[in-house]
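These are the structures in question, set out in turn.
The same chain A turns up in both complexes below, where it pairs with chain B and then with chain C.
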Partner chain A sequence: MTYALETAERPETLRRVAIDPVSRVEGHGKVTILLDDASKVHQVRLHVVEFRGFERFIQGRPYWEVPVMVQRLCGICPVSHHLAASKAMDAIVGATRLTPTAEKVRRLMHYGQILQSHALHFFHLCSPDLLFGFASEAGRRNIVGVAQAHPETARRGVLLRRFGQEVIRVTAGKRIHGTGSVPGGVNKAVTPAEREELLKDIYAIVGWCRDAVRMVKELHGQDPALYNSFGVFRSNMMSLVGADGGLDFYDGRLRARDDTGKILFDGVDYRDYRRFIREEVKPWSYMKFPFLAELGAEKGWYKVGPLARVQNCDHIRTPLAEAERREFVDYAGGSPIHAPLAYHWTRMIEMLHAAETIKDLLHDDDILGDDLLASGERGREGIGVVEAPRGTLIHHYRVDDDDLVTLCNLIVSTTHNNQAMNEAIRHVAKRYLSGREITEGLLNHIEVAIRAFDPCLSCATHALGQMALEVSLVDAEGREVDRLARHGDGGVLRGGGA
Partner chain B sequence: MTEAAAPAREARPAARKLRVATTSLAGCFGCHMSLLDIDERLFALLDKVEFDRSPITDTKDVGECDVGLIEGGLCNAENVHVLREFRARCKVLIAVGACAINGGLPAQRNHLSLPRLLQEVYHSDPGARYGLIPNDPELPLPLNKVHPLHEVVKIDHFIPGCPPSADALWKVLTDLLAGREERLGHGLIHFD
Partner chain C sequence: MKAPVAVFAIGNRSRGDDAAAPALLDRLQAWLASEGPRQDFELFEAYQLQPEDALDLAGRRVALFIDASRAVNAGVAFREEAPRAGLAATHALAPAALLDLYGKLGLGPPPPAFVMEIGASRFELGEGLSREAEAALERAWPLLCGLASAARPEAWRALAGGEGSQVPADRVAPVAAPRSPR
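Up next is the complex of A and B:
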């Protein structure tokens, strides 16, 4: 399988430029670009450079431990992993249906997370590019620069994130890596005092989210040619959609559309995900490349996340976000928008929807209930799927009679977007870099395209590498602590016998 | 919104700002998120601190710094390289969080041999196409075991927690800014 600019014909004759590390994203990634003497771009790749092995070392752990352990995949969206694993483990304890209190407290936790993660991404990480320009001075392109030039914008970003984190703390026990969700339900409801505390701020938060949507629309309006064309490519899209066709981050069925908006599949029970999604491995990234099985690897890759979700659903249940969704759909004139920078617009619509949903849940007395857990016939296999801030997140486990995990498979949001991000940066490289003298500002254009997808690269590290290499780890006194050699055939030897 | 009280300004001359670099090695960015959980105290911090290399800035290489904050342990050759650069350029180096201090959850793989891990990760994944393992020279080599930072360089301070709370990070940073010995004390030392 080949894509334009994925693999140069004679890489040894070309000059290499690297962006290492990609900054203002979560996780560890780098971009390499190969250019010829005339600075024509021949190859562009986003590499995920780290390996964890969660799927393997989770085996042998008790199932009830998993929702807390797997959060350590990602400190930005730990709640996503907490809840996807909990949903999978609900099937192990036979909780086919949660109590209303448990389901609503979990939803509150999840929508709190969508709010904080989207605020962090837009204000702390991306707003400098959009406010100052992609090629603006590198030293100013950060939240500190925003705080100096646009103090109110920076302050609201920080306080929006704080509110989302507080919703998580109230429902999960801790802002990061909490313990509130357990197989079969939750271990804590919301207290009346906690509800009052959150209700004090929620109306201001909804208002600020509306302002954030307005801000991103204004940015589009100031330079529509840039926002509609930057890094644009067409692809399929996939997300969960709620039972009523509405936008839903916590539960639903899988729906996919092609690049024209035509539905490819709909109403798919996510427990059948393996029939619809396959993954491919490429030699130059630890991150795998998923694709829709029916279309094959070359045509079946797709986008997930806000841009896919907002265009995939039929409606949004909350009125302010629904009005914004309609305006977005009208802007496109009936055909899907594929522009990466439109991710920001849809992300802010989702943030508004999250705030409205939190407000509604805070007014629902079920969150104060004391019926927290459900159980039923013991199961052996569980599959849990949620829409994480960055897209569809799939957790799949098998558990043996001793309650220990025997299989774990994770397909995380950012992995779904792997091919899409690579396509976006190849388009940007061809349009902005090729044939020109490479400057820091031009290289930041590549990162702007990556950031639009809000990648979470440490979530996305699945596989192992294989190359002939030798590394020794030496401590502060010069003593060798560890030594490792890996040969081209994949054989790995440890210690001096390399 | 309720605003947290502004921290008392230290009675110091308007000295040069403290230069701080941060990075995440084999971590999950949770410690960086906890640092951002100081919320609006961030703006007070920015009066006294400037950031060098950090995931929240576009500075790619660490320069001469007063303080380096490192999240995550060492899982590959590149982590070791970055750690050594930080040690060489930061006067004070702080290991932040469980992974930096003892390897944390990524070190759960330490009881498995790397070849076996390689085999089993690929063969426990029901959806993948098998037969290809990433082998590009652009990818750093994974270490056989995940190591804590202090096994490789001298570490000046340790802040435990998974992640350390925002209050714990704030206490250490404000102690350093005031020239006091950092002290977490009751309620701020925790390991979960």
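Up next is the complex of A and C:
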């Protein structure tokens, strides 16, 4: 199956522009654009070009190592992998129901993760584009540039992320790559002193999250034509929703809607994910292309993450975030919003919900309990699903009688959004690049579209990111005719070429 | 009450010589636990410096960043670091950029900060320390103990050199009194 602008008819006759690697995005992604002599866009692809083979080398490892090992997939949302693997391994140790302490400590860890990751995504990685402009000076488009021009915004972004990291440290033992969640539960609860420390800040954190939603709404209000149309395309949406239909990042059942908001399936036990989701492989990328089985590859691709979740759920349990959700839904008059830049609005609503939920959990004495582990009849297969910051995350394992993993299948958020990100950058390339001289600022429009979905391709690429950006313009004979290089310090150099 | 001295060890234990700073931090932690001024120090280990690490500088008397460096061949370099603009990157900040960010975040002037670079050459995944890095580590350890024994900016300035300049052995030896806990 191919889509418009996915594959050009005579690529050998076209000029090729490559964004390699995509910057302010973790993991090694590359965008290639094929242009004709009039600079009309004929082909645009987001490639994932490296492969680390995590699913393969997990095989043969003892199952209890896996919740810690899989965190190395990602430095931004390791907790999501930690918890998805833990949930899968709960089935291996027969823990069909966790103790209240274990469930709530895991939730606290996960909502801390959502908070820190959403803060990083919005303030550190995306706010420079939104505050300064997509084609603004490249060296300024970073968190230090934001701190220079908008110190209070940057300070809050940094403090919000740090608070989320502290919640993770308290529940997982470390800010990054902790070990708190284990098959069957957790290995530590929260101490009264740790709770008191977090409670000191949580009310300010909730307030700042409200302000962040306000800020992103103002950005939309200042330029609705841009925010409503940039890279826009229509698609299905999928996420977990809680048992009551509410937004839930830790557990629930799968729900999918079509582009009009009509429910395609609902209440699906995520252990049946293979009946509902298929994956397609394309030769030009190591990242697979998932689709909803009943609709097929052509019509079944979908998006996940904040924009899908906030519109897929019936309500949000916490009052401030629920009020913001209603306002967001009303903004489009009741029909689904598909604009990629609206991801940021919904991301901030989710961040507010995460802060409110952390506040509630901190007031719950169950997080101080000492009944940490559950167990039961030994299982051989486990499937764990959570809503990671960027979307639905599926971990699936089989374990043999020697406790060694024999199968590992991971479908990560980035992979679910693969076709969606490709669609977004094709729309952006067609709208902004076609017929124009390629500049770094124009190419950043492509990256803005990717970052709206995801600032991190590492779990899908399985490779470490690099900061530099180099764009080469190559003619049909393969000769380099122009080159733009952006270095790690933000400096841009033009040079090279024939 | 914050400890007056913050020590950041930057590196990935799984990547060859990048483990040098965390290894040195382990020694410091053990030494502080047994015979050093433990209450005066807070130790941090990070793969790379992030903007949030600026918050851990607040309220310190002095800060030390330890990192492996290709620029220092099998030796140790030690210098005072000043805030420097224009070094910002998204995934990792240099100590000078972190100090610059500290000021931009409205936290006031950053504390005096110093950088110790440990000579390193190999950073491959799954490798251990190279012989050169091991040797550099042995030279860094007495220097670090000396710094920890007199954790004041003026005392550290007396030992500091310029960027990339190695600390001569005769300047390290006099403060090498504490024995390695290894």
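A few comments on the model shown:
Note that in this section the second predicted complex is superposed on the first by the 460 of 498 C-alpha atoms of A that agree within 3 Å, B and C clash if a C-alpha of one lies under 4 Å from a C-alpha of the other, contacts with A are read in each partner's own complex, and residues count from 1 in each chain.
In this text, a residue touches a chain if its C-beta (ideal position, glycine included) is under 8 Å from a C-beta of that chain, and two chains touch if they have at least 3 such contacts.
On a predicted model such as this, the values are computed, not experimentally measured, just so you know.
More residues of chain A lie in contact with B than with the other chain of the pair chain B and chain C. By the touch criterion stated above, A:136 is placed in contact with neither chain B nor chain C.
When the two complexes are overlaid on their common chain A, residue A:155 makes contact with chain B and with chain C alike. When the two structures are aligned on the shared chain, A:7 is found in touch with neither chain B nor chain C. Looking at the shared chain after the overlay, A:144 reaches both chain B and chain C. Once the two complexes are overlaid on the shared chain, A:39 sits clear of chain B and of chain C alike. Once chain A of one complex is fitted onto chain A of the other, the partner contacts of A:274 are limited to chain B, with no touch recorded for chain C. Applying the stated touch rule to the two superposed structures, the overlap between the chain B and chain C interfaces on chain A comprises residues 23-24, 26, 75, 124-125, 139, 142-144, 147, 154-155, 158-159, 161-162, 165, 176, 465, 467, 488, 490.
Contacts from chain B toward chain A in the complex involve residues 1-2, 24, 26-34, 36-37, 39-40, 42-43, 46, 50-51, 55-60, 74-78, 80, 104-106, 108-109, 111-115, 117-118, 120-122, 124-129, 132-145, 147, 151-154, 162-163, 166, 192. Residues of chain C touching chain A in their complex: 47, 51-52, 54-55, 85-91, 97, 100-101, 104-106. Against chain C, in their complex, chain A makes its touches with residues 23-24, 26, 75, 124-125, 139, 142-145, 147-148, 151-152, 154-155, 158-159, 161-162, 165, 176, 465, 467, 488-490.
Against chain B, in their complex, chain A makes its touches with residues 19-21, 23-28, 30, 32, 45, 47, 49-53, 55-57, 59, 69, 72-76, 78, 120, 124-125, 138-139, 141-144, 147, 154-155, 158-159, 161-163, 165, 174-177, 200-201, 204, 273-274, 277-286, 288, 290, 396, 407-409, 411, 444, 447, 458, 462-467, 469, 471, 473-476, 481-482, 484, 486, 488, 490-492, 494.
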